[in-house]
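In the two complexes that follow, chain A is the common piece, with chain B as its partner first and chain C second.
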Partner chain A sequence: MDEKSRPWLMLLPALLIIVFLFLGGLVFCLVQSFNYQPIIGSYTVNLDAYASIFTDKAFLLSLVYSLYIAFGSTLLSIILAVVTAMALRKTFIGKGLAVFTFQFPIPIPHIVSGVAILMLFTQSGFISRIFNMMQLVDKPSDFPELVYSNNGVGILLALIWKFMPFIGISVLALLQTTGLAYEDQAASLGANAWQRFRYILLPIMKPAILSTSILTFAYAFGAYELPFLLGGVYPKTLAIIAFEKYNNVDLSYRPQSMAMSIVITIIVVSLILLYRKMAVKNEVSS
Partner chain B sequence: MKQKALVILMVGIMFFGLLTGCKGKDTQPVQQQDATDNNASSQTDSEQPNEVKTVDNNWGDMTWTEVLEEAKGQTVNWYMWGGSAVINTFVDEVIAERAAQYGIKLNRVGVTSISEAITKVMGEKTAGKDTNGEVDLIWINGANFMTMKQADVLFGPWSESIENAVFVNWEEPSIKYDMGFEVEGYESPWAAAQMQLIYDSQNYSEDALPHNYAQLLEWCKANPGRFTYVAAPDFMGTRFIKQALYELTGGYEQYMRDDITKEEFEEMSQPVWDYFNELAPYLWREGKTYPKSSSELNMMFSNNEVDYSMTLSAGGISSSIAAGTFTETSKVYTMDTSIGDVNYVAIPYNSSAKAAAMVIANIILSPATQAQGIVDISNGPVIDSTLLSEKYVEIIKAAYETLPVGTFVKEQDLIQDRVPEVSGYLNVFINELWNEKVSTR
Partner chain C sequence: MRNQNINKQRHLSRKTILILLFIWTFVPFIPILIWSFSLRWNYPSLIPEFSLRAWKYIFTQKEIITSLTKSILISSIVTVLSLLIGLPAARALGMYHFKGKKLVSLLVSLPAIVPLLAVAMGIQVVFIKLGLSNSITGVILIHLVPVMPYMIMNLQSVFEGYNPEIEQQARVLGANALITFCKVTIPTILPGIIVACLFSFVVSWSQYLLTLIIGGATTKTLPLLLFAFLNSGDYAIGGAVCIVFVLPALIILFGSSKYLAGSKTM
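The block that comes next holds the complex of A and B.
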């Protein structure tokens, strides 16, 4: 086989799937978002759907709420992951068990983690009952509203439970392959703990943090099942209101649903591009 | 480096393709049809007219025996809401077994929302796939039926001519009109539904229960935090709000026209939004949030977070008690305004197993299946006892007698409180207005 064409040949199956299934779907989505729906006799092409969603307060609020969920879960996960990874890279008794426990959530499906959070944190859930038994709260309904609430705490908890080990394991792998040599050297030259973290560890960890947090952000921003399971009625995340519009029996709502999907896609893709730019800059400077 | 960027970008796009439900219609994986489709025979049919009669071309002058003959060996893909384990078992065991006796293979396809199946049929129409469609039978009602009929993707009329259609009173308004849309032979009834409240008879005696929306407000003021309802746009929530609409604005009759604009409706329905905003502070979590589905509400009810849940099963809750969803002391009752309707099965225009699909609809209407449905899945029967022979009346009666007292509302009481679900398209307005005016409170 020709050496030059070989990589392309190997990429072909994956590329076909991506281009035809997903980019194809995206094009369909885009076309419908312009109001073009032959099935209900709508052949006009216009931007009405975009105009109507951007003047809709509920949509704008959902946009803010989705950004809050995505940024909140990703940032908190990064902080927790970095702290944990720094602790786990040292050698100590029971490290194997600690690493295993830390990795445990990674293969668990999101929906399972959502149900687990639900069992634990509803007002009639396990933790509320324990609080009640210990007389920390008078009655179960005095337990703080963590799930089904408008503050999104339950959603954040479930997402962080999944994201933290995902980011942490990648960070840990980089830390461990680097070893302690740089730090020892810096310490011998008089760098304090903060300086060693800021100028040595953080640059080492940065590629892992960037590449994993892109994925977690993208996932959280478009998440449907966890917000559906754990969220309140108002506000809702973008994916939920997009799906509600999509499911509306009146087909003339569908362009709005598609327009929302396109907006979600544009936001995520531009954030990914921004991240990439940062990552490239990072590589050049180091 | 560039490759890496590309991969990350694509992964991102893949994520979103998946998450936003933004898949194009033509990207659905195409399921292979069984070799049983009769499409080939119907094509040759046009060349040699006298050879084989098929439903596709000759339904008008076919006898029921000929339909049964054609149905033999066909596979029916029945798309239905798959969220209830007991209903799934009933279809897989009871109905599928009876279908097998006619040489029909019944393949239940569970979906989370029936609009998925509708989207599929419409997608097929857009793509020009006018025969061999994937959906052969579909469990629908109301606005979804309207959508399909509007888009002209239903086969029919057929339902009034199948064998067991004689047991159905087609002139009864709740059968003749599906949420205000005339059925006209395009769908066949499957089960009766009616809104009922569920309570635990250990906590409250029968005479303490609220029977109308004014009493409900008083009840909630006396028992703050112990009641809530399912949020719109879940159909249970929409229906609970719609009942209030009928009661607080002077009856359903004024809504029996299909030219009400949103502005007009907003004005007509204002008392309802005032009512729900007045009620909200006394609801679970002071009405700052609501359960999003009836399964959420059921869970809260069985965990004793609230004192009421809701059901639409006209056969009551005995099957849910048996399944352990509710305690044995749980009972149901209807409020004075209780929306009741019927849900149906319909056949898409491009099904390749129309004959077999009709036979399934026929099996559903048989008194034996209807009676079994009462016991197994708490379905309300859709056949009219005045049209049945004595033997069949006994079968239905015997089925009701197996149910524990209080776990279902007697048929005459259901009928007494029943009001129709008119103008399904108003539900879109109800959902929007509730979201704007009540959920954001």
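The block that comes next holds the complex of A and C.
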């Protein structure tokens, strides 16, 4: 066999799946977002669906809401992940158990974290009952609306529960391998705790933070399950309103739902490309 | 003296963080467990009226057993298929240098990052034409999209640390390609394969929206059933299904947690 074509041959089945199912699915979605729907006899190609969603206040609000959920969950997870990873970076008694606890949520399905937050934080949930026992809360309606509300706190909590360890474990791995040695050197040269964090540890953690938070952002931005379980009636995330339009018995809503999904995809793909450009630049400069 | 104080402080703050981490990670499971053993659980009581109703229901109702079987079947087939497709691909990406490798790596990782709503909604019309919609085959195919990237990325890092010289030695000693693969390659990377398979299984096992779009009501997997119970407000059965639903993840955590740090699954 030709040495040059060998890796391509080994990649062929995987690439076929990606081209036909993944890229194929995207192309069919794009085509339908242009109003081309042979199923209902619509053979026209236009941008009506995009024009109508971008003048629709509900869609724009959902866009902002999804950005809030994605940025909020990712930023808070980064902060908590860094704090926890910093606390776990050196050896101490019980470290094994601590790391096990830290990584515990990683394989747990998102839906389970959603159910947990639901049972904990509804107005008659577990936390509210504990507050009642402590006489902080008299009746369920005294407990703040965190789930099923427009502030999205329940969604954020469920996402952070999943994201924090995902970011943190990979930050911790970098801190343990390269961080400790440089940190000691900087300390012996007289750098104080803040300087060591800002100029030594943070730059070391940066690649791990970036590579993981792009994934968490993308997931949160397109999330359906958790906002469906924990969100309020209004506003809804993009994925939810897109899927609602898709499920409408009136098929003329389909192009709009496809257009919304394309918008989600374009935003996420541009972020990934931006990240890759940044990563390449970092490699070149260092 | 001052140094000692700082050390003490640091020790204390680490202790606080550890306790908070422990609470944050494990307390969320408490209400799920309690709900699964309850008949009624009225506000503001912290303890419910105890009952095994939910667990009896789970082990006797045909609906749940069917859905559990379907979930296990779908996720197992998806795992095996993505292993067969992913193993050579991961080897190519992990051990070969070729033009266009960076682009292929990006292409392979994209389905694991990009939200797949557009993909599933877009391909549904094609699946209808091919008779794949509302079928287990269709669900297996669409699950391959998010699962295969995880399989490939996990196995790729296994192959990056793999030394092919032992294969050449086996060949020199007279083993043919097939024997070398079965007796040398596979055993060497077996731990990596097992971890990649477990993760792939869980990624497929956790899919909700893709299954709903392609499978519709006919392929009611466990997560679809869980949503149905939660929507009907039956937290007792919801809690019990949730515990069954989390079992594969627990197998990973207790069986292979030392390999977790290097995995690429979110």
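Please note the rule applied: the second predicted complex is superposed on the first by the 282 of 286 C-alpha atoms of A that agree within 3 Å, B and C clash if a C-alpha of one lies under 4 Å from a C-alpha of the other, contacts with A are read in each partner's own complex, and residues count from 1 in each chain.
By definition in this document, a residue touches a chain if its C-beta (ideal position, glycine included) is under 8 Å from a C-beta of that chain, and two chains touch if they have at least 3 such contacts.
Treat the numbers as computed from the prediction; the structure is a model and nothing was measured.
Once the two complexes are overlaid through chain A, chain B and chain C clash, as defined at the top of the document. When the shared chain is aligned, chain C comes close enough to touch A:Pro107, but chain B does not. Contact with chain B, but none with chain C, is seen for A:Val233 once the two complexes are overlaid on the shared chain. Within the superposed three-chain model, A:Asn132 lies in touch with chain C and out of touch with chain B [touch as defined at top]. In the superposition on chain A, A:Tyr68 contacts neither chain B nor chain C. More residues of chain A lie in contact with C than with the other chain of the pair chain B and chain C.
When the two structures are aligned on the shared chain, A:Ser141 is found in touch with chain B, with no touch to chain C. Contacts of A:Tyr36 after superposition: neither chain B nor chain C is touched. Contacts of A:Tyr182 after superposition: neither chain B nor chain C is touched. By the document's definition of touching, both partners, chain B and chain C, reach A:Val269. Within the superposed three-chain model, A:Phe197 lies out of touch with both chain B and chain C [touch as defined at top]. Superposing on chain A, the segment of chain B with clashing C-alpha atoms against chain C, chosen from 91-99, 109-117, 217-225 or 307-315, turns out to be 109-117. 18, 21-22, 24-29, 39, 124, 140, 214-215, 218-219, 222-224, 228, 239, 242-243, 246, 257-258, 261-262, 264-265, 268-269, 272, 276 are the residues of chain A that lie in the contact sets of both chain B and chain C, per the superposition on chain A.
Contacts from chain A toward chain B in the complex involve residues 18, 20-29, 38-40, 58, 122-124, 140-141, 145, 148-150, 211, 214-215, 218-219, 222-224, 228, 231-234, 239, 242-244, 246-251, 253, 257-258, 260-262, 264-265, 268-269, 272-273, 276, 280, 283. Within the complex, the chain B residues that touch chain A are 1, 5, 8-17, 19-27, 113, 115, 122, 125-126, 142-144, 146-147, 150-151, 225, 231, 233, 285, 288-292, 296, 300, 303-305, 424-425, 427-428, 435-436, 439-440.
Residue ranges on chain C touching chain A, taken from their complex, read 13-14, 17-18, 21-22, 24-32, 34-35, 43-46, 84-86, 88-89, 91-93, 96, 98, 101, 104, 106-108, 110-123, 125-126, 141-142, 144-145, 148, 152, 198-199, 202, 205-206, 208-209, 213, 223, 226-227, 230, 235, 238-239, 242, 245-246, 248-249, 252-253, 257, 260-263, 265-266. Across the interface of their complex, chain C is touched by residues 4, 6-8, 10-11, 13-15, 17-18, 21-22, 24-32, 39, 83-84, 87, 92, 94, 98, 100-113, 115-120, 124-126, 128-130, 132-133, 139-140, 161-163, 166, 169-170, 172-173, 212, 214-216, 218-219, 221-225, 228-229, 239, 242-243, 246, 257-258, 261-262, 264-265, 268-269, 272, 276 of chain A.
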